[in-house]
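Look for subunit A in each of the two complexes below; its partner is subunit B in the first and subunit C in the second.
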Partner chain A sequence: MDWALLAETGINGSLIGLMYSLVAMGIVLIYKSSSVPNLAQGSMTMLGAYIVLAYSSRFGAPIWLAIVLATLSMFGIGIAIERIALRRLAGRPIIMILMMTLGLEILLRAGSLTIWGATGRPMPIGISDDPLFLGALLINRAYAAGAAVAIVIFGLFALFFRTRMGVVLRAISDDYTAAWSVGISVERGVALSWAMASVVATVAGVLWASVQGVDQSLAHLLLKGVTVAVLGGMDSLGGALLAGLLLGIVEGIAGSYLDPLLGGASRDLVDAAMLIVTIMLRPHGLFGRHDIERI
Partner chain B sequence: MMTETSPKPTKSAVLSLNNIEVVYDHVSLAIKGVSLEVPDGGMVALLGANGAGKSTSLKAISGLLVAERGEVRRGDIQFLDHNLRSLSPQRRVELGIAHVLEGRRVFEHLTPDENLIAASAIRSRHDMIRNKDKVYTYFPRLYERRFSAAGYLSGGEQQMLAIGRALMTQPKLLMLDEPSLGLAPFLVAEIFQIISQINREEGLSVLLVEQNAIAALEIVSHGYLIESGRIVMHDTAQALKSNPDIQEFYLGGAQAKNFHDIKHYRRRKRWLT
Partner chain C sequence: MFFRQAGVYHTNYVADRALFPVAADRWIIAMILALGVAAPFLFSSLYLSSYLLPWLVWTAGALGLNLILGWAGQFHLGYAAIMGIGAYATVHANRFGVPWEFSIVIGGVSAAVIGSCFAFAALRVKGLYLALSTLALQFVMDWTISHVPAISGGTQATLQAPDIRVLGQPIVSDAGLYYVALVWCVLVTLFMLNLRRTALGRALVAVREKDFAAAVIGVNSFYFKLVAFSTSSFIGGVSGAILIGTFYHAVTPEQFSVDVSIQVLAMVIVISWGAARFGFSLSIEALAHLPQALYGALIISFLLVEPLGLGKIYKNVRDYLLVWPFGYVKK
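What follows is the complex of A and B.
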């Protein structure tokens, strides 16, 4: 066995996995505050990337400014989605809410096809294609940058949830009736979580687009995001980070050793297996809360 | 709808319910024609059996009926100078109504300290710090456990936290739904003693909902008795305690005769009111 190759695939896999975590963290943010599993997170990621391109190519903004503007726009779009589409469904059966997010997913994907077409475009954020050398191992620069950003974003959220407003959001996710009873505006809290998920989607969109270009296939990241979110426990940001790491490593190693045997589909098979096995054996994931029971 | 013995409230009322009617899901009638008053700075109990409409009355006041698809269909709820019926739950908290929910409902995954912080969403940081000090003075046990998850506190501590959380909103009216539920008698006594202390020291009006009539009548000045969604009796705590009917059916004082008599009593009461 070639240990250097194994280490290389493991490391690159873990970096890719952390980039999956970015998508998963958006799903977790919304799920935590309102128990809505957001199936539109993938297409929100895609939309974020398209909006960056729109600012930079249509209005000629430098790429960093385009990213800032797109982040702000997506913040507003997140609030609008919650206000227009989700709020009226509060208290309705979860299946209707789930179908609503699926509808949004289709709407955003089809809408982007209408507006921007299906041609893939590059997202030039200035990361060189040359690999980083870690001893004898080759590390992909774009993946390394993405993983670093994922960790930074996770750290920012960890800090945010210690602030007064963060504590209020966690209170909403614990018991929204009790939150109402002390004057917390639950609706505004949920809207804020959609806004934050949209901002994370933009960041994920930019990073993934810098690897694979901007087109509708970015929306397929939903499957990775959902798998990682479920594996991490749906309501745990730390869980999403570690589950991403785990999925990335397993997927990378499976990809390089099983692809020759399975004809190139082994990554998706590994994802599907992880998702299904998690739901069957450990529905609350690795780090999801089992409800606290008093001893 | 009051018995002839009902006393005139001496002080002005902070809260008055006038003939309110609540329906759930547009059809099922939960309470019909409930009227009651809480005098400013006073303590009033709303007593009654399970399912009589006590919690529904409180939710009508705090606006939390919306969470259960309930609505006030008729009647007025007056709080100070405000008619509450059209206001959001949040607005009612801002006006000074605090509702301590049945079953405590603390934020289990937050620490007691964070529970108190979350409950000051409508107040300034300065007020939050001051109110937290006050809550920890009333409930020193919470201070000792302020950094462990609230879900792991004992039932009594959780009840203290639920009350402390309500105090963080700086209420003028504190409504408590079954604070004695599931607690050992000595804890009930301790918590009720603190409630009346808060009532005295803060000038806070209290509306106490209880099944445990014995304990409640010890600390309130007046009591209302609710049955099947209607107020059937209203009197001073003293009078209620010595009322033979109350003793028989709610305080367990006399030997209950049989179920037929109870039914008969209720029917008769309804005709009389």
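What follows is the complex of A and C.
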């Protein structure tokens, strides 16, 4: 066994995993506040990347300005999605809510492909391709940057949930009827959580696009995001971060051992297996709240 | 109006259990069936084989999914994988030399056996987590189908399906293939329509409404979930086999990818979630021909405007016309 290779795979895997948890954090934010499992997070990630690209290539804005503008646009889009599509479905059976987010997924993905075309384009955000040397280990700079941003965003959220608005959101996620009755505007809180999820999606979109280019495959991050969110517990941001780390390491190491055996593409299989095992053994995830059901 | 009834009032149990309590429904169904039988003489061959035929097969598939989703209330985001298993098993059995009539049964049974695995997920979890685990199982099945050469013949391979033969007669004409699909669709529709009148149907509804409560009144909810999953997988498997035999004529892994699962789910939503009454006449294979974005928009607008689907729209119109022009009469 080659320990250096194993360590390198593990470290790169954990960095990738932290980037997965960026996608998962968006899902968790929305699920926490409104119990809506957002299956459109993958295509929101993709849309964010496309909007950044549109600002920088169409209007010639420098990339940092494009990212800021795209973040603001996605903030608005998140609020619009909640207002138009999800608010009217509050209290409906979960199948309708799931189908709504799936419909949004299709609409956003196909819509952005219709507008901007499906050809893959690079997203130059100024991270060099040279590996980072950590002793004998080679670390991918883009992954390292993505993981750092994921941790920073988690830190920002941890701080945000201590502010007044953050406390309001926590109250909503605890019990929205109670929150309502003490005068909290639940609708505005839910809208805010959609907006924040869209912003996180933009950040995730930019970082992932800098790794793999802007194309349809960004929407496939949904499976990873959902796996991480479920593994961490659907309503725990810290859980998402840790589960991302865990999934990244397991996926990286299992992938590197299974790929030669199974002829490639075993990472998606590992994801699906992790998702199934999590749901079968511990449906509420590592840190999620355990739901008690009444008859 | 042609419904000519001021409300529905039953004076005996036979009338209450009738398949179509409103006579006009019976006539509409009969007319649609007659139209279906006469279709090869009415429509051009292109229209017949590229629109009507897949429409019928997808309707059968969507009705099978409706058994789980609408009747038993369990999620299934992996229905395309089930159809794919049926299709592959049928094609392999057929190529091995088994007559086509038996190979579709083999396809259906193998889909039912593997589909029952989904029921074990349903035993453990429900709601969102069941949806996600069936989605994950769809990915696993996709991966298995495309990566095991013994099943698909390799990642990029296309497996040619032999021409179908019924009772030794090769069926090659467009009309013949259409009638095969029509017979299957009518069989599934009859089964689904009659489900309401059986103990099985009532047990499934009890499980759907609340599985703990069903257990309290003596309905073994796990058993009925298992029955629902395996029956619906059987229907799905045979539908997949017929789709390959009559429409695609060759089978590839992409025909049964996760997107197809979502499309079948969308069909069930748009037709009428939970009510199979007019599923026979209303399906939305046309969706496959719309650009994808419009298709997403269609799902969203249905959920916003009429979440109970086309079936509910028909029912609203019928209930209005039943007592027209005396709209104030209680229905």
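Annotations
Assume the second predicted complex is superposed on the first by the 290 of 295 C-alpha atoms of A that agree within 3 Å, B and C clash if a C-alpha of one lies under 4 Å from a C-alpha of the other, contacts with A are read in each partner's own complex, and residues count from 1 in each chain.
Basically, a contact is a pair of C-beta atoms (placed from the backbone, for glycine too) under 8 Å apart; a residue touches a chain by one contact, two chains touch by 3 or more.
Treat the numbers as computed from the prediction; the structure is a model and nothing was measured.
Within the superposed three-chain model, A:Leu107 lies in touch with subunit C and out of touch with subunit B [touch as defined at top]. With both structures placed on the common chain, the touch criterion links A:Ile276 to subunit C but leaves subunit B unconnected.
Touched residues of subunit A, counted separately for subunit B and subunit C, are more numerous for C. When both complexes are overlaid on chain A, the residue A:Ile94 reaches subunit C alone and has no touch with subunit B.
In the superposition on chain A, contact of A:Thr119 is made with neither subunit B nor subunit C. By the touch criterion defined above, A:Ala171 lies against subunit B but remains apart from subunit C after alignment on the C-alpha atoms of chain A. Once the two complexes are laid over each other on the shared chain, residue contacts for A:Ser128 go to neither subunit B nor subunit C.
Residues 293, 295 of subunit A touch subunit B in one complex and subunit C in the other. Across the complex, subunit C is touched by residues 37, 85, 88-89, 92, 94-96, 98-100, 102-111, 113-114, 223, 226-227, 230, 234, 262-263, 265, 268-269, 271-273, 275-276, 279-280, 283, 293, 295 of subunit A. The touching residues of subunit C, when paired with subunit A in their complex, are 69, 75, 121, 124-125, 127-129, 131-133, 135-137, 139-140, 143, 147, 155, 210, 212-213, 216, 262, 265-266, 269, 273, 291-293, 295-300, 303-304, 307.
Those residues of subunit A that touch subunit B in the shared complex are 91, 164, 167-168, 170-171, 174-185, 289, 291-295.
Across the complex, subunit B meets subunit A through its residues 62-64, 67, 69, 89-90, 93-94, 98-101, 105-110, 114-115, 117-122, 125, 128, 149, 151-155, 165-166, 168-169.
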